[in-house]
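Structures for review follow.
Look for chain A in each of the two complexes below; its partner is chain B in the first and chain C in the second.
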Partner chain A sequence: MQKLIKDFDIPNKKIETWKFTDLKKIFEKNIFEPLSTSIKNESIKSNVDTNVEKNIFFDPNINFVIFENGFVKKINIQSKNLEIKPTKIASKKQIIDQKNFSRNDSLLEINETFLNDNLLIKIKKGTKLKEPISIFYYNSEKKNYLINNRINVIAEKDTEAVINEIFISNNKAIYWNNVHSYICLEQNSKLEHYKIQLEGDSSIHSSSSSVNCNSSSIYNNFIFSIGGSLSRIEVNSSINSSDINFNIKGLYLAKTNQHHDITTVMQHKHPESKSNQHIKGILQKNSSGVFQGKVIVSQDAQKTDAFQFNQNLLLSESAEANAKPELEIYADDVKCSHGATTGELDEQMLFYLRSRGLNKEEAQKVLIEGFINELFDEIKNSELKKKLLLTSKKNFFK
Partner chain B sequence: MSIDVETKKTVKSITKKYKYGFTTNVESDKAPKGLNEDIVKLISKKKDEPKWLLDWRLKAFRAWLKMDEPNWSMVKFPKIDYQDSYYYSAPKPKKKLKSLNEVDPAILSTYEKLGIPLEEQKRLAGVAVDYVFDSTSVATTFKDQLAKLGIIFCSFSEAVKKHPELIKKYLGTVIPYTDNYFATLNSAVFSDGSFVYIPPGVRCPMELSTYFRINAENTGQFERTLIIADKDSYVSYLEGCTAPMRDENQLHAACVELITLDNAEIKYSTVQNWYPGDEKGKGGVYNFVTKRGACRGNNSKISWTQVETGSAITWKYPSCILQGDNSVGEFYSVAITNNFQQADTGTKMIHLGKNTKSTIISKGISAGKGQNTYRGLVRMGPKATNGRNFTQCDSLLIGDRCGAHTVPYIEVKNQSAKVEHEATTSKISDEQMFYCRQRGLDQENAVSLIVNGFCKEVLKELPMEFAVEAQKLLGISLEGSVG
Partner chain C sequence: MLKIENLHVNVEDKKILQGLNLKISPGETHAIMGPNGSGKSTLANVLSGKEGYDVKKGKITFLNNNLLNLEPEERAGEGLFLAFQYPVEIPGVSGMNFLRTTINSVRKYKKQKELDGVNFLKILRKKAEFIKMDENLIKRSVNTGFSGGEKKRSEILQMSLLEPKLAILDETDSGLDIDALKTVANGVNNLKNKERSFLIITHYQRLLNYIVPDKVHILSNGKIVKSGDKNLAIELEKKGYEGIK
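For the complex of A and B:
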């Protein structure tokens, strides 16, 4: 029998990993119905919505994929040795080993059951892609759709690539975007993965990246989360070999009434790999932010170097920041540490700036920009950095 | 690999057996095994308790029946059969005791073995010791001196008889009888414990101390401690325990409630060295304790210091509820797990009042196959303006078969509150060992020295009497592990 959305247990506070984020509560007020695949054909006929092409992150001269209202609308491949196509493979089995990523919630199951489009991106052996791959998820419907898409990335041996995932809408749309990616990094491959979450204000965003790393691979992840009424972004890693470098930089800017959640699980299973996480959050009126990070170092993963840092900045009395940075360590010869701080803008710093003639708002702006820039400085692509800073300014602190 | 196999063997060969493993032969007065309403009534009747207290116990018992054993902690143990345990046992009362000479000589010699001869301690250390021997207080010292100041320091059952108004007013106000599985069980069947009341403006002139000891076979011990520091008062309370060697696991579910009113301070120190089980993980005490303090008054302070070296399983989160403005909570902890020991310990700092401050320093040491978890919560309520917390938890791993885990929860609902958390995990470095060995210290002393240095921040918070014992304990607990 066909499963319905109501047959699933929507993640809620009873599940330990969802302690601070209650999806079920929203779901009770606002029912989201899975988007049926029969709508697909209609959607393909029309042209790409101009809102996508007008978006500042859009560039017609690079590789791109456009998802519109749940389905692939356009695929544009510029580079050689790059394959992007819809696929039917069950990514859970073929792209990554399911056993490496155990979960205790239903999001992936929901994704699997109601899957709309499943995309395979393969970077062929030895290829160093010059042009990035941008994936746009655009929504314009107000129909409370639950959209399930999936991206499978295989970076073959000795490859280099940049993938940008950009979530946008016309800001009137109401939907729940449930998008998951499975990433397999083969030996000596390098992937830069940007997730830019600019969903509409009335939407729900839940996404995850499950990254399977093989020896000498490098994964640099940058998360930028600013949209949606509720957003949950997860990164799950499985470090299966030595000499792997895994980095996550994350920033959430929580506007009034928003809820942002960044959750990471870092599994060090083999010796001599490195991971580094730095997550920052800024919170405005009535907003709440969550960072949950777990570093697991198995018994065999000696000489692991794992670092995790979370900083939250509260800009309003009614803002709320929750953090749960966890370490689970079973090996003795490791370097693991984590830190977490939460506070408001420093009085002394504000005083310093104001004594130099800046008014209160200007001084605050300077400090907030400084707080954000610490993460943006890590972005090598200066064009992208500029666009992200511009987006932050436009949407968050004018 | 930091230390070669040969060194491991050498260290193992000099491992000493549990130093305090012995049993005292005192006839015990036991209730039948098992747990039901009749047992609860029996305990209450044996203690000649008023009806309101029996009702409270029964309410707790009925609540307990509906509860499930918590399973969220990182400890594993075979299911406990709560019906296969004695819930009441007391040394047979011979006659009323007037002086120490009348105390059962067997009990006195037990304490002598532990290195705390009652007489000597009484005279030299100036410590009033309320000995708890298997659930019933046997002797209380220094009562007269304390009475002059109006300080009440007696067993819980005595307090129920003599000061029912205080018990009625404060019992269960910090840990309600519905709080959690083990606290509720304790509320239903608690045997005895200590009661302390410090009147307004009094600074308790000596450290108050209780020595706990589990003795009769298969006796779960359910202590209940209640300490109230009235306005402008101060008290330092010491709790320490050692237990005899046992094969069967013993359950211990204690409750400790602390209350401080305006400007009052309680300093609560624990050294816990119960039987941790043998090298193969057999036996050992299950230590499931609920400890919580409420800073009710403004400018009040509660400070927890613990050195946890014993028990097969430790499940313990001494917490502070900072209700009063400017109140302060502190938690200093050293937890050692060796062999198959498991510890899941930490604290909760709930900031409710303005300008409340808390400090958490936790040092976890894992050796052998021990698993050590720090689990803590720092919550800044919406009204905790200018609340401040600093948390530091460091873990030291000795050997490659142990684990150290950190699970902090940070919840901030106030803009002006500042919360900082940091944690590190490390091992004893080869350089440190080399340095010590080169200066003539043997492996064991070198480890002990380094571990003592690692824990210094916490040990210095302990009262003098405990600091010495604690330092020795760290060394003893780590014997047989590898440096």
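For the complex of A and C:
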């Protein structure tokens, strides 16, 4: 019998990894129904939506994919030795080995059961892509769709690539985006992965990136999360070899009643690899934020270097930040540290700026920008950096 | 320029300043010296408008304004500048942006036209060169990871950009080697003119060899106990605070 969404247990606070984020509660007010696969054909006929082209992150001269309401609408490939193709709908076959990433909730099962389009991206051996690959997920319907996409990325041996995922919608759209990606980094490959979450205010975002890392690979992840009424972004690593560098920089900006959750699991399984996580959150009004970061260092993973840091800036007394760092270390010769701070804007800094002529509001703005900038500083692409800062200013400071 | 009358200030119910009087006229450089805990930094902080200082009694007049009624940024706008004893590190805020924002905030307050990028850079380069502040340092986050000397230099650079009417230097000499001290003093002396006044707060006489004061005051137990000319500082250096009483 065909399964319905109500047959699934929507993630809620009873599940340990969802202690601070209750997706089920949303369903009390808003039921999201899986988007039927049958509307695919009609939607593919129309032209590329101008809303995507208008987006500041859009560049027609690079590789890009546009999803509209759950289905691939356009694929543009500029680079050689790059393969991007939609794979069969509802294909259960695992393109990338998922055994390293177990889940204790229903999100993936929901994604598989109701899968809309999925995508296979392959960067072929020895290729250093000059042009990035941008994937746009655009939603326009006010129909409480549950949208399930899957992205599979294979970075073959000795490759370099940049992937941007950009989630956008028109203002009125109401949907739940449930998008999961599996990434395989083969030997000596390097991937920069930007997740730019700008969903509409009434939408739900749940996504994950599960990354299999093989020897001497580098994964640099940057999360910029600003949209949605509830957002949960997960990053899971499986460090399957030595000399791997795994970095996550994450920033969420929580407005009014938003809830933002960034949850990571680092699995160090082999010796001599590094992971570095720096997650920042800024919370306004009645918003709430969560960072859960688990670092598991197996017995064999000697000389692991794992660092994790979470900083939250509370701009209102009713905002709430939860941080849950967890270290599970079974090896004895490792360097692991974690830290978390939550607080208001620093009084000393505010006074310093005011004593130099900035009024209170300006001084606050400068400090908030500084808090954001500190993370953006690591982005080498100055054009992208500018756009991200502009987007945060536009959406957050007003 | 500045007139302080019978100033009493408490910090968390502890009496720090107890009837301080001071008058600084335009163009004058005054030095306030005193042992640790005499209230030197409290005076600097009260003047600049920092919170946490409870003014119990007294009056501060700055250029015909009741200073205590002004917000810190208004004091800056009116022409008061405090060079901090411990300049604050502000990660993520580039020095370049910070300096341009401060200079334009003060210009805006004075109803002057804001400086555009080109003109700002011109002025900045000239002033930075004079106090030997590396431009790369300015491009970095404000004071972040600076050495003690670099932080003080950065304060003097801000002062020379804001061109205040009254500059208060709070223990600017602490943590400076002799070369940095000379550069900083040079920066201050270069700003001296008939209109501009300085209040130099220091523990040691050393700085006053390079920035020569018109008047020297000794602060003890929250009060000025002795005033004199530059020779008072030299006497103090010989006899110590105990010897002066």
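Simple rule for what comes next: the second predicted complex is superposed on the first by the 389 of 398 C-alpha atoms of A that agree within 3 Å, B and C clash if a C-alpha of one lies under 4 Å from a C-alpha of the other, contacts with A are read in each partner's own complex, and residues count from 1 in each chain.
Just so we're on the same page, a residue touches a chain if its C-beta (ideal position, glycine included) is under 8 Å from a C-beta of that chain, and two chains touch if they have at least 3 such contacts.
The structure displayed is predicted, hence computed values, not measured ones.
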Which holds for A:K13: it touches chain B only (first), chain C only (second), both, or neither?
neither
Between chain B (first) and chain C (second), which, if any, makes contact with A:M349: first, second, both or neither?
second
Determine, under the contact definition given at the top, whether A:Y330 touches first (chain B), second (chain C), both, or neither.
first
When the two structures are laid over each other on chain A, which of chain B and chain C touches more residues of chain A?
B
What is the contact status of A:N373 with respect to chain B (first) and chain C (second): first, second, both, or neither?
second
Pick one for A:L315: touches chain B only (first), chain C only (second), both, or neither.
first
Touching chain B and also chain C: which chain A residues?
none
The residues of chain A that touch chain C in their complex are 346-349, 351-360, 362-363, 366-367, 369-375, 377
Taking the complex as given, what residues does chain A use to touch chain B?
16, 20, 299, 302, 312, 314-344
Taking the touch rule as given, give the residues of chain B at its contact with chain A in the complex, in rising order.
1-2, 72, 382, 395, 397-427
Looking at the complex, which residues from chain C come into contact with chain A?
48-51, 71-73, 75-77, 81-82, 84, 87-88, 90-94, 97-98, 101-102, 105-106, 109, 141, 158, 162
